[in-house]
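Take a look at the structures below.
Okay, so subunit A shows up in both of these, paired with subunit B first and subunit C after.
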Partner chain A sequence: MSDLLRRGRLLIPVLLLCALPFYLDAFWLRIGLFSMAAAIGAVGLGLLSGTAGQLSLGHAFFLAVGAYGYVWLAGDDGPGLPPAVALVLAVLLAGAAGGLFSPVAGRVKGIYLGVATLALVFLGHHVLLTADSVTGGFNGSSVPPLEVGGFAFDQGDGLAVLGVPFGAEERLWYLGLALFALTWFTARGLLRGRPGRALVALRDSETAAAVMGVHVARYRSAAFVVSSMYAGLAGVLLALAFRRVVPDYFSLALSVDYLAMIVIGGLGSVAGATAGAVFVTALPLLMTRYADQLPLVAAPGSGDGSLGPTEAARYLYGAAIVVILLFAPDGLTGLARRARARLARRRRPASAPSDPGAAPRPPATAVRAKEHTP
Partner chain B sequence: MTGLIDSLFNGLALGSVYALIALGFVTIFKASGVLSFAHGSLLLLGGYLIAVLHDELGFAGALALAVLVTAAVAGLVDRVVLQRIGADPHAAHVATIATIGIDIVLVTDLARRIGGDLLTLGDPWGDAVTDLGPATVADSRIAAITVSALAIGGAFALFRFTPWGLSLRAAAEDAEAAALMGVRLTRVRMLAWCLAGALAALAAVFLAAFPAPGLERTTGQIALKAFPAAILGGMASPVGALVGSMVIGLTEAFTAGYQSDLHVLGEGFGDVAPYAVMVLVLLVRPAGLFAAKGAARV
Partner chain C sequence: MTARTAAPPPLEVREVTVRFAGLTALDEVSFTVAPRTVHAVIGPNGAGKSTCFNVLSGLYRPVSGTVRLGERELTRLAPHRIAALGVARTFQNIVTTQGTVADNLMLGRHALSRAGFAASALRLPRAVREQREHLARAREIAELTGLGALFDTPVALLSYGDRKRVELARALCLEPRVLLLDEPVAGMNAGERVRMAEVVGEVRAELGLSVVLVEHDMGLVMRLADEVTVLDFGRRIAHGTPDQVRRDPEVLRAYLGTGAGGEDAA
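And then the complex of A and B:
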């Protein structure tokens, strides 16, 4: 019964998300699209940093591998594979890149790994600029549209569904939704199953986990590879949404954004990573769009001295990271959990504490570590 | 031959500036277990203050004030924000990410003030050069090496001979035991951040001095290159940071100096060479060159 109920609860947001392209214009759909791509990447980073306790600042590199891998594999300069095949291969390529880094990723711990992965971003950026026969150099290259079974995810031929014209944004929205659903279920499956438990054990105490039979280096590398594959998928989706990839997009700032997403959302949970991704992605876009209606913020390009929308978004973004870590170190998921608990308590004031049904069910994956091996 | 000596000297000068920054990383890490991503913005703050103040106060006065203010800001960041997050090892991870937020706020503000300008710091060396027999060397580089050596020597003396240094080392060894012995961890931590901030402001002078064109909004990002330096040596070892900085500085200078022989690796490889070296070292020594061998306890 409760299982059915939970599935029912999931059904409503799914239907809502599927209906949105019929009501929203391209601006909002693009925000949604970027958010979905970011969410896929953030879920991957959440597996690594939130669950395995490994800090990574190299996520932008794996996004780049996915994006550029797809562009090259499906493009005319490369082998010109069917785009759907190129998508799968690009994801595998990102995983392979993560695997190549595993001699470092498997042995280097926590904060050290964070700095080691900085190297990937800078070296990757250098390669993107230098190998211009493959990447198109500084100016980047354009992204061939995805085609599955003759259906192209681009501007298309004036297809209309229920009177709503289906352009690139509408089509990509459903693609993003499908890929995000794939991410959501696979990541939750991983986290709730044996690998997830092994990684949590590893994060909490390396020695104890090793004694319990967890192969430390292998699990660390595996977490890194899986996380890279999610990043690769996110990279492909971003490339499709942008329609052009340039090296400067895949900078350290992007890696930092992803780290901020999982922290703002709450470490160690798939829903949290998603919420953080939406927040971090949508905030600057919305600030820019509604700059003229915000107090203290000037419209873009209105000259010196005044606070532009991009800057205002940066302030807010930086401050949000600090404030959330100060007052809700477990992020948005933690806030939501506490709010739910308070609601439940208010609803059943008397006998609640002894009733297991009323207690908020902590997500199996979000059990916070009390201590860490440094 | 001239090329060799030039590169050597450039590398040493660069390395000594990195050492100022990396020593700050290590001091902070020893005291609080936090990796400071806010260091680039502190550096930029120091440089900006000197640039704005040197007309009125003269270079020395501006430098002194900038060092003090940057130290105070760094201390406040730790006391007001980071220490509230907590002190256990997990909190150190969280605080590390909080420094990213602080960095974003500070850098956004400073970049808005600096805009697209190149600010001069009014340093006394200008573009003068000294003839040293086989090579001519910019005075600013000689100054960088001398001042860094003095500052780093001073910092090591602080670690070694002052009560604060003793407390810092005790706290790094075992925070709980140190606290029980009467070490005030909050104050030790805050002072460590102050020292790191002061060193960063000092480093800003030499990053903006000749042959660099001046202080830009992106100057703070150079602090990121001191990460490999600190990691190379092992985050908890000041000597390691020193050695790591020299390795990184020399690597960068030599790859830039001999770029024509390395063109296979692409233009501007010197800028990313430090990271390549870091990965290679971490492959062999995952905890850095000078890391203490620690046994895992359950």
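And then the complex of A and C:
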């Protein structure tokens, strides 16, 4: 019964998200689309950094592998595969790239892995710039539209649903929703299942995990591979949304953006990674759009040394990270959980026994047991 | 799914030596844990008790000597392989992971379950079924150790004594044949000590496993142990039943620092 109720609660936001293309214009749909792509990538990084405690600065590299992999596999320069096949292969390719890195990812832990993955970003950027024949070099290359069963996710032939013209944004919106739903479903299955518990144990105490039967190196590499696959999927969706991929997009700054997402959202949860992804993605786009109405922010491209909207957004979310680390180390999910617990307390008489699920959970960092040094 | 019913094989420690950069932490230590007995390893601080546990669970590799569980040699195996053979342990300082008591206990089921990344991500029926079965067994073990009412409580909210029992329950979730307890009652108050001693006694009787116990609480050791090995500065200085060990002049000297006078030993 409660299971049905929980599913029912999920149904409302799903219906709402499905209805949005009928009411929103292309600008808002594009924000949503970029947010969904970012959320997929952030869920992947959250699995690696939030759950398994492995820092990665190389997320942009795997996004690039997914994006460029799709472009090349589906494009005329490459084998020219059907785009749907190229999508799947691009995700697998990103996973394989993560697998190639597993000798490092399985042995090196925490912040040291962060430093090791830094190299990947620079290597990837260099390859993207120099391997012209595959990547199109500095100018990048255009992205072939996705086609599934004869239905193309592009501007198309003037298709209209219920009187609303369905262009590329509307179509891609539903693709993004489907891919995000897949991510949500699989990531939550992973986290609540045997692998998720093993990864949490690895993060909290490698020794305890090993003694409980967890193959440390194998699970560390597997977390890295899975995280790379989500990044690859995010990369494909981003490429489809941008319609053009350029090397400069996949820079270190992008990796840092993804770290910001999972920290702002709250480490170790799928919902948190999603919330952080929406925040970090939507903020600069919204600020660019409404630059003229904001104080202290110049219109884009005014170039007189004043603060542009993109920079202002960076300052804002930099500040958001500092505020969150200081006052809510468990991120937006922690804030939401505490707000819910407070509401529940207010609604219930003070004498009623408190529900253990609603009890304020201490932030992840506080629960983390010290590494056992035998 | 159920407890292993056959008697556990004997755990044989043969002339194990461990050195850290010139310091000999264990010096040719030998003892045998007979099936279904409680074997205590005692000694003053720094005697090598925890080092001994770390060798048994595969965290340290000895420079010489062997550890055997029945026919299998454990000395060259990685910790997760040893766990899979049915050797479970607790830690001196509590090492629980984030989440509820259930989450911690389910970690103990890791070696006994199969669901991998793909099966869990896609929530395949067999992964879901497996999870449900193991959760039921984890709940049984929680009841057995007196954690039934706390099953869905986050570990971080539990008292010290309860967290110690979570560690014990998590080790039991491995369905171990040999259970290594590293100071199970350290830091507990008198009431918690008595409960812990009862629980250890019960699980040994009910699950039929061998227990290796490191403990400073002599009352507990004398009450629970069938055999006692005494270490001092990495060497075995005495061995025998609790009564024999209590009267051993070497043991008195190590603990009390007096001359090996036999007449006042009691």
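The definition used in the following text is that the second predicted complex is superposed on the first by the 348 of 374 C-alpha atoms of A that agree within 3 Å, B and C clash if a C-alpha of one lies under 4 Å from a C-alpha of the other, contacts with A are read in each partner's own complex, and residues count from 1 in each chain.
Here, a contact is a pair of C-beta atoms (placed from the backbone, for glycine too) under 8 Å apart; a residue touches a chain by one contact, two chains touch by 3 or more.
Small disclaimer: the values here were computed from a predicted structure and weren't measured.
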| item | value |
| --- | --- |
| Partner chain(s) touched by A:144 [first = subunit B, second = subunit C, both, neither] | neither |
| Partner chain in contact with A:214 - subunit B first, subunit C second, else both or neither | second |
| Partner chain in contact with A:331 - subunit B first, subunit C second, else both or neither | neither |
| Touching partner for A:44 - first (subunit B), second (subunit C), both, neither | neither |
| Which superposed partner A:111 touches (first subunit B, second subunit C, both, neither) | first |
| Which superposed partner A:311 touches (first subunit B, second subunit C, both, neither) | first |
| Touched partner set for A:205, first subunit B, second subunit C, both or neither | both |
| Contacts on subunit A seen with subunit B and repeated with subunit C across the two complexes | 205, 207-208, 211, 369-370, 372, 374 |
| Contact footprint of subunit A on subunit C as seen in their complex | 50-51, 53-54, 57-60, 78-80, 83-84, 88-89, 91, 93-99, 103, 106-111, 113, 115-117, 119-123, 127, 131, 152-157, 170, 174 |
| Residues of subunit A defined as touching subunit C within the complex | 185-187, 189-190, 192-198, 200-201, 203-205, 207-216, 222, 226, 268, 356-357, 359, 361-362, 364, 366-370, 372, 374 |
| Complex interface listing, subunit B residues touching subunit A | 33, 35, 81, 84-86, 88-98, 100-105, 108-109, 112, 115, 224, 227-228, 230-231, 235, 265-269, 271-272, 275-276, 278-279, 282-283, 286-288, 296-298 |
| Of all residues in subunit A, those that touch subunit B in their complex | 53, 55, 103-104, 107-112, 114-116, 118-119, 122-123, 125-127, 129-131, 205-208, 211, 252, 256, 259-260, 263, 304, 307, 311, 314-315, 317-322, 325-326, 329, 369-374 |
